[in-house]
Structure formats: C-alpha cells, structure tokens
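Before anything else, here is the set of structures, which you'll find just below.
Okay, so subunit A shows up in both of these, paired with subunit B first and subunit C after.
Here is the complex of A and B:
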C-alpha cells in the first residue's frame, strides 16, 4: 500500500507533461472568437454600445437583445464585444510596454552586472514594495482616467516582473561559450546583446507575456470595477460588472454575463499560457 | 557586517525609497488640490492663498522631509477635506482590514491544507485531479467577480447572509462574524489555490525522503505519517508564499471592502482618491507600502528561524 503510494508520488512528480492537448481546442476556440469579435466589432452591425434607451432598460436576454440590456438600456452583447476590445488593447499593450522597458533594464543588469545590476535590482525591489493594485490606483488616479493612462499605469506595473525574467535569463546566457566567441572576434556589446542574447530571451519572455495578458486583463477589470479605470461610457468588463452589481436583485444577468465572459477568457488564457510555458520550459511546469 | 544588520540596513533604505516614491507620485502628477477644494469658480488669488496656507508652494523635497519627520513621530497630517488626522483615520479603520485579511487567510489555509493532504494520498487519483481542476478554475476568478457571484448566491438568491455593510464587534460577535463571512470567503476562495499547489508539491518531495520510508516501515498509519512526519518539513515554502501573497491580499482587500461596503483602510484610500485628498492618499499609500515591506521582512526572518538550513546558507552568503 505505502510502497505503491510512494511509487505513485514519484510517477506524479516526474510525469513530464499534462495530457490536455486535445482539451486545448475549447480555450483556443474561445480566445479566437473573442479576438475576432473585438477586431470586427465595428463591421458586424452591432448597436452603439453607449446608446441609451431608458424605456428598454434591464430587458432579459431575447431574440432582439441576445444578452439583454443593462441599467441604462444599452445592448449588453454590444458592450461585451466592445469591452473585449478594451480588455485586449490594455491586456496586450500594457505587458508589451512593460517588457520593452523591463526587458531592457533586465538585460543590461544581467549583462553588465556590477553597479548597473545593483541599481536595477534596487529599482525593481522598490516597485515591488508596493501592493500592485494600490500602485495602479494611485497612478491612474493622478494621471487621469483614459484608455491610454490605464495602459501606461499597468505597463509600469509589469516592468519589475519583466525585468526579473530577462535578467535571470541574461545571466544564464551571458556565460555561454558562443557569447565568449562573439566577444573574441571583436563584437560590440550592443551586437552581442541584440544578436546573441536577445534571440534566446524571446521564448521565455513570450511565455511570460501570455501569463501577463490574463493578469493585466484582471487588473484592468479591477480598476474599472472600482471606477478608476476606463472612463464611464466606454464599455469595459470590470465596469459592466460594477454596473450590474446595482441591479443584482432585479436583473442579475447584467452582472453575471460579463462575469462569465471574463472568467472564460481568463481561464482560457491561463490554459494556453500553461501549455506554452510547459513547451518553453519543462522544468517550471512541475508545480 | 552580520547578515541581520545588512538586512536591517536594506530595510531602512527600501522604506526610505518607498515613502519618497509615494510622495513623488502623489505630488508630481497633475491635479491641483487647491482648485478641488475651492471649486472651479475660485480666483487665482484665492488659489495662491490656499496653496500657501497648505504649504504647497514650497519645493517638493523640502516638503517631503517635513512630512517624513512628522510621519516618524506618528503624524501623517490632516485630511484636506475634513481636517481629520490621517493617522487616526487609518488606526480607526485598520482593525476591519486586519480582521478581513486574517479571516481570509484562515479560510485559505483551512481549505488548502486538507485538500493538499488528501490529494497526495493518491497523486494522480480522482481527488487529486478534481482538486487540481478546482484550483485552476478558482485561480481564474478575479476577486471582484467572485464577490458579486457570492453576493448573488448567498444574499440575493437564498438570503442567508447580509450582502453589504459592517457590524462592529462591539455590537455582537455573531453579527460581526456574519458581516465578514462573504468578504473573507471572496479572498480566501482564491488564495487557497496557490497555497494548495505549493504545499502539495512540497509534500510530494518530502514523501520521497528516507525518514518517511522509515516511518512507514515502522508500521505507522498513512495519516499519521502525513500529519506528524511530512507536514511540518513541507510547510516552509507555504510560509514564504503566505508572506508574498500579502501584497495581493491587500489589493484584494481594497476591492472587497468596496464591494461589501466595509469601513477598512482600502475604502479610506479609495475615498481619498475620489476626493483628491492628497494628504490622505499619501498617508494611506505610505502606510500600506511600509506595512507590506515590514511584513515581508518579518516573513523572511521567520523563514530563517524555522528552517536552519536556510539560515546557514544565508549567513554564509
């Protein structure tokens, strides 16, 4: 009994990959649908997501309003789809911004070491010393609310994580023989960083970026939920959930539908992110 | 320098930078408090006068050191809005936030430890797979979403628990508990997933050790082996994660306090942000950041105390 349990433990711990390749179709399909609708939102004949029709407020889902209408009589389906556009813009651009800056910081720290490394690590430590939501709140509150500022604030927040990933990977690659070889033939630092090290950083950074997208989509949702993210008439999933909270007793679907859509999207992103991370770095998939 | 002294020096430096950064964010970024207080109809003279009264016309670094000096003596200034001392406002609301976070951690650990123990009994078995899926699902739930769903389920549909509002402990322990259940569940139901995964993976590693084999050979029951022999050496990472997660917990507390209308520090901060109450925001953010840094420092220390191997390695490095 105990011997088989111990054997089971070993098998589970060393099992190389989870077998859910076939199950990946659903999350991938959902993500493709969300992306497709977000891109084509203007061309598929959706009603204006901000057009109010107070007489038609809080209509349950029907043939005319597939997902019903919200507290102000706005079409929910349209708002969900335009909200997807907001989430995707912030979710893709903010980590990208963070990765450009953080990646550069991490690479210089890992490559040059010494004082630059010390400064970079200190900088990262200080940004990490704030609970991230509190920092995001403070930034957007004082920058002013707009799509651009929310993206900027969340982009700044993703700098430390990006810097850590790129620093750790650079440290590992910078000691390799091919880097030494490049240096021996007289390649400049710039050339070594961009041509020898950077290409090796891209796979782990890409895997991390996928994870960051879902984290940032949730963070944008939280900011908008608190009324400090995307400004009011513009649809955002977090804002829709907050609006729906007012009418939870009479029209629960106004909150539950955007909640379900957000859940499905984050879940799918996590699925795909895990998968890619397993492929890029099998060691980290053990946990 | 001994390890502990270096850590303390580092702590002080980080605290200094964190408060300076807080001060800079709040003061450099646009948004003039004087205009907010006086309204759009104020004359430039009025605004200049008020700015001088509030000391806003002095250089920022001078103001920072002034502020730091008083902050060290426990004076975080007074709210621009209603003149309430900021330090007192924080102290008044702190118990609510602390109660929320402690209850959330208790719930999270209360779920994570039994689930992890049950799932390592048969790794890859049915329970293990179900609990892994459940953890994956809960991990994808943003806390504001889970909060709304819980209100819908427990307050709107079944009317079991109050949806919002807070009852202080002085007005009855049970009423207080009742008003805190949903908020702490909202945080705890997400937090347990991370703890469970970490503990499960550490338990699996521990179970491969020789002393576990010895305990089994002695004929101890599987549960006794798990509880008495495997759990303790497997919980070090858990403690670190508990510390690291406090940042997320604080952010979560801000949202949850807002959803459930709890008068905690998070809601104080949000109110300050909405009212553009600079001094209040500055004091609250600095307080939260300092608290976070100090807690993480203490967790690091605790880790070293609990696990002699870590202490040894760190002392030498």
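Here is the complex of A and C:
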C-alpha cells in the first residue's frame, strides 16, 4: 500500500501542475479591465484627454469627473485610460523587441556554447554595465522624444535580461535526451533550435515577459517623470504623475491616482507572471 | 564472419576536462559488429558505456568539451571524417538510438505521432500525411493499442513503458541498420522491462538490424546478445561470444560479475556475492590494472603495468592472469 501511494506521488510530481488560484482573479480582472479600456478608449464616450478647461482645473472627483480634473482642467479618467494605452503599447512592444533580439542571442549562446557563448556573455555584460536609465535618457534626448523612440530605447534595455533568461533555459534544455535524440534522427542545428528547444523556451519566456512588461511600464513612467518620455500632449501615467507633482499640496489626487493605477497594474502583472512561472517551472515538470 | 563488419571501432578514446583534472572516460576500446548481430556492452555504472556509444555517433565530442580519438568505420566509411551533412544523413537513416529514460528522451511539447514521423520526413522524404500514417503503423508495430488516438497525444499522457515503446518506434522509423539501445529498461518498472527487451529483440530479428545493447546486467545480455563486451573503468576488459563468456570467463572481473548473477538453480534467498570494493576514480588513475584493488588474483605486476588486450581469435581480454587458460607466457602484452 505504501508502495502504491509513493508511486502515485511520483506520478503527481512529474505531471506539470496547472493549478488555478482563486486569489488571482483580482489581478487578472484588473489587467483585463485595463486592457479592455485601453483598446476601447475611443468608443466609450470619453472626453478628449487633451481638452483643457482652465476654469475647471483641479476639480476633485465628482459625478461629472469621476476622477477629477488635472492642473489644466483635463479629465483625469480619460487621461488615465488613454495613458493606459500608451503604457501598454510601450510595455508590451519594448520587451517584445528585446526578447526577439535577446532571445536569439541567448539561444545561440546556450546552444553553441564555446566562443559564441563568450561573445554573447561579453555583449550582455557590456550592455548591463551602462546605467540603464541614463542610456534611455541619452537615447531619447538624442533621437527625439516619440512613442517609437521610447519603445526602442526601453526595448534595447530589455535585451540583456531576455538574453540571460533564454540562455539559461537553453542550457537546461540543450542537454536533454530528446534534443540528443533529435540529433540522432539527423536533425540540423537550426531545426533542433527552432523545433525542439524554442517551443520549450516559450513558456518561461512568456512568464518573464509578463514581469518585463511591468518593469518597462515603471521605466517609461520614470522617463516621462523626468520629461524625456512620451511627448507632452499624449497622456501617459508617468507624465501624469510628473504633472500632478506641482499640485501635490492642493490637489494630491492628481499625482496619487495615476500612481495608484500604475502600482495596481504592475503588482497584478507580477502576480500573474509569478503564477505562470510556477506553472512552467522546468523543475516541476520533469518531462 | 564474412565481409567487412557493419561497424568497426578502433582504439576509441574519450577524455573530459573536469574541475578535478583530465579524465579518461573511454580508453582505447576496439570492437567489430557484424550485420544483424547483437553486441551486449556490460559494465558497472560509470564504466564508460554511454560515453563510448555517444562518442561513436557524435553526441559526445569537441562541441561538448570532450576530446575524442580513434576510428569509427560504418560500412567502411570513416564517420568522423564525414562532412556534417552526410554524417547527419547516416545518423538519421542508418542508425537508431534508444535512450535510457523515456521521461527525458521525448519532446514534452510535441505530439508523439509527429515525433515518430519527423525522421521519416527528414531522411526519407515523406510528406506530412504519409509520415503521420507511417507513424500510426509504427505505433501499432511496437505494441501500442489505439495507435491512431495515441499519435495525437503528448508524452506526459503515456506511461513510462509506453513512452519507451514510442522511443523505439522513433529509433526504428527510418529502418536503420544499427540500433543502439543504452540501458533501455533501467528507468522502467520491473514488470515492463522484459516486454521492452522482447520488443527490441523482435524488431532486431525481423528487420535484420544489428544492435548494441548496453546494460549493467549480464543476465539481460545473456539471452539476447551474440557477443558481449565487458567494460571496466573505460576499457574493454573482455570481449567474447556470449556462450564462451558464460562458459569460461577469462578476466577476473567477468568472473566476479558472473558469480554475482542469480541462478535458477540457486535455492531462494541465496546471498549473491557482490563484488567488494568500488570502481576506481577515473581522474586519479594509477599505472596498473584498474581492477587490481578489487581483484583476488592480483600480483605485483598488476599494480605496476597496464595489461594490454590479448586476442585468442575473436576473443579478447586484458589480464595478466586470465582464468581457464594455461598461462605460461601467453598472458603478455600484445604487440
């Protein structure tokens, strides 16, 4: 009896666990709401986020202005929602860019080892040696502030992390027997990398990407806060916090609301990212 | 035997550079394997069986930080001199490999039908549909019921025994001339071990494949191998026809292995004589016979000199004091 119980435990331990935690409903719900509003912002009858009404500046939240108005009398709710759009575009695209480049570097390094690995690791270390925010600041200051340039700058910043994650995971997978088995049926390196290793790399990369989105959202906020992020009329959470800072004493909500929204979003992303990472942990799924 | 052997290995050597210094995992192993024959490679854990066969098919080599030497002829072609592309062709078409642990030898995110068909698409030019159909036939052939449905499943949906059957189907898909099975049953339940070995043997006979069957159990090799090569500390210490090996082992290590086998004629609960002592540390090898510390026939010469392989026809052993032979002077070094 104990033998069969032990065997059951082994079977359970080797199956990848996909357990659903009810506690994740909240962060998931929040993220879905943010994404939904960011996508539908144009069609839900929001006032123009850039329309100034100086007489109505710094109105506290009310029935008419659910989240109040800012220093220039612009509707905060509208700005938050359009700001979510900006944050999500940068937050999703920048790491994607970084993961494309960094992922390729990391996979080549982890698969081929040797000289390629040394070169890749050196390159990653050099990128990491630059103070990241300074690099992004220089980049946008030099090339000009635009959504594209900010995304590009933050994308480059996410290359080293992505390269490290993909290199570590490739190292772990490349010596698995099924990769050797693929070689014994005559598969080329390219085929092994794309067909055998890459599919196994996607789950951990996806988990890491979720976390990277949150990091990039914060970084974009910092850039905007320093005045080198998304250019002025376009709303972004970081920019809103920066604007609200001027009126912290008279109208603290103008800074606190975007800060709270950013906080909730980043926290939710981290929760969900952690959950996904636990689900795809290669140590758990012994397959 | 007539004609050139299917596989001919000469002085195979594999060295690793470890944190504790260089290590000779395989040290001058030679053997021939004829078409349709089965060679059993037997030895304790760490004796270099896996490293040897993996180095033959390029899975252990410069790219994995190992130093590889010797010559490997497959159908007279020097495998190590082949350009990468041709080598992949030989590997894919003519050599099939079954690994020890079917938990790790199948791709967890690829349907098993697809994994079986992959080699056919790659090496035999089958299109996706033909490969998928052939995969189902192969699954049936290796004894998996409801093959059609199973082909669409992922490895984690199968038991260990079934996975090993799938791994065998993958290995034989392209009708190889040589099947290498590296401890194909060690990771499995005792009850299915025999089934898998029988399956391997059946496939080998029906298809006329040659097979290298690696095991640390001389009993497993006994009924299934035509020849047996016993490995100890990276060297082939005895090579012989299976029957001759069992009838009169030459090398004391083989003798000790045989003595540790359970026999049907033994009364139940007979204590098997395990070989006392442990295999040597490969990174700290002395000059003499590697088995000397555990050998009951050891002499001073054994500690000082490495016994070379001595051949009596197709039968070889590396020992200064072989059993069952009038020693005289014949135990000396060859060439």
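Please note the rule applied: the second predicted complex is superposed on the first by the 261 of 287 C-alpha atoms of A that agree within 3 Å, B and C clash if a C-alpha of one lies under 4 Å from a C-alpha of the other, contacts with A are read in each partner's own complex, and residues count from 1 in each chain.
As a convention for this text, contacts are C-beta pairs under 8 Å (C-beta built on N, C-alpha and C of every residue); 3 or more make two chains touch, one makes a residue touch a chain.
Keep in mind it's a predicted model, so treat the numbers as computed, not measured.
Touch criterion met: A:267 reaches subunit B, while subunit C stays clear of it. Using the contact criterion defined above for the overlaid structures, shared-chain residue A:188 touches subunit C, although it does not reach subunit B.
In the superposition on chain A, A:199 makes contact with subunit C only, while subunit B stays out of contact range. After overlaying the two complexes on the shared chain, residue contacts for A:36 are found with neither subunit B nor subunit C.
By the touch criterion defined above, A:241 lies against subunit B but remains apart from subunit C after alignment on the C-alpha atoms of chain A.
Taking subunit B and subunit C in turn and counting the residues of subunit A each one touches, the greater count comes from B. In the superposition on chain A, A:178 makes contact with subunit C only, while subunit B stays out of contact range.
Once the two complexes are overlaid on the shared chain, A:113 sits against subunit C while remaining clear of subunit B. The intersection of subunit A residues touching subunit B with those touching subunit C, taken from the two complexes, comprises 15, 286-287. Listing the residues of subunit B that touch subunit A in their complex gives 13-14, 17-18, 21-22, 25-26, 29-31, 120-125, 128, 136-137, 139-145, 148-149, 151-152, 156, 163, 197-198, 201, 204-205, 207-208, 212-213, 216, 222, 225, 246-248, 250-252, 254-255, 258-259, 269-270, 273-274, 281, 285, 288-289, 292-293. Every residue of subunit A that touches subunit B in the complex is listed here, in rising order: 1-2, 5-6, 8-13, 15, 122, 125-126, 129-134, 137-139, 141-144, 214, 218, 221-222, 225-228, 238, 241-242, 244-245, 248-249, 252, 255-256, 259, 262-263, 266-267, 270, 286-287. For subunit A in complex with subunit C, the residues that touch the partner chain are 14-16, 112-114, 176-178, 180-188, 191, 195-196, 199-200, 285-287.
Contact residues of subunit C toward subunit A in the complex are 54, 57-59, 63, 65, 88-89, 91-93, 95-97, 99-101, 103-110, 118-119, 122-123, 155-156, 167, 170-171, 173-174.
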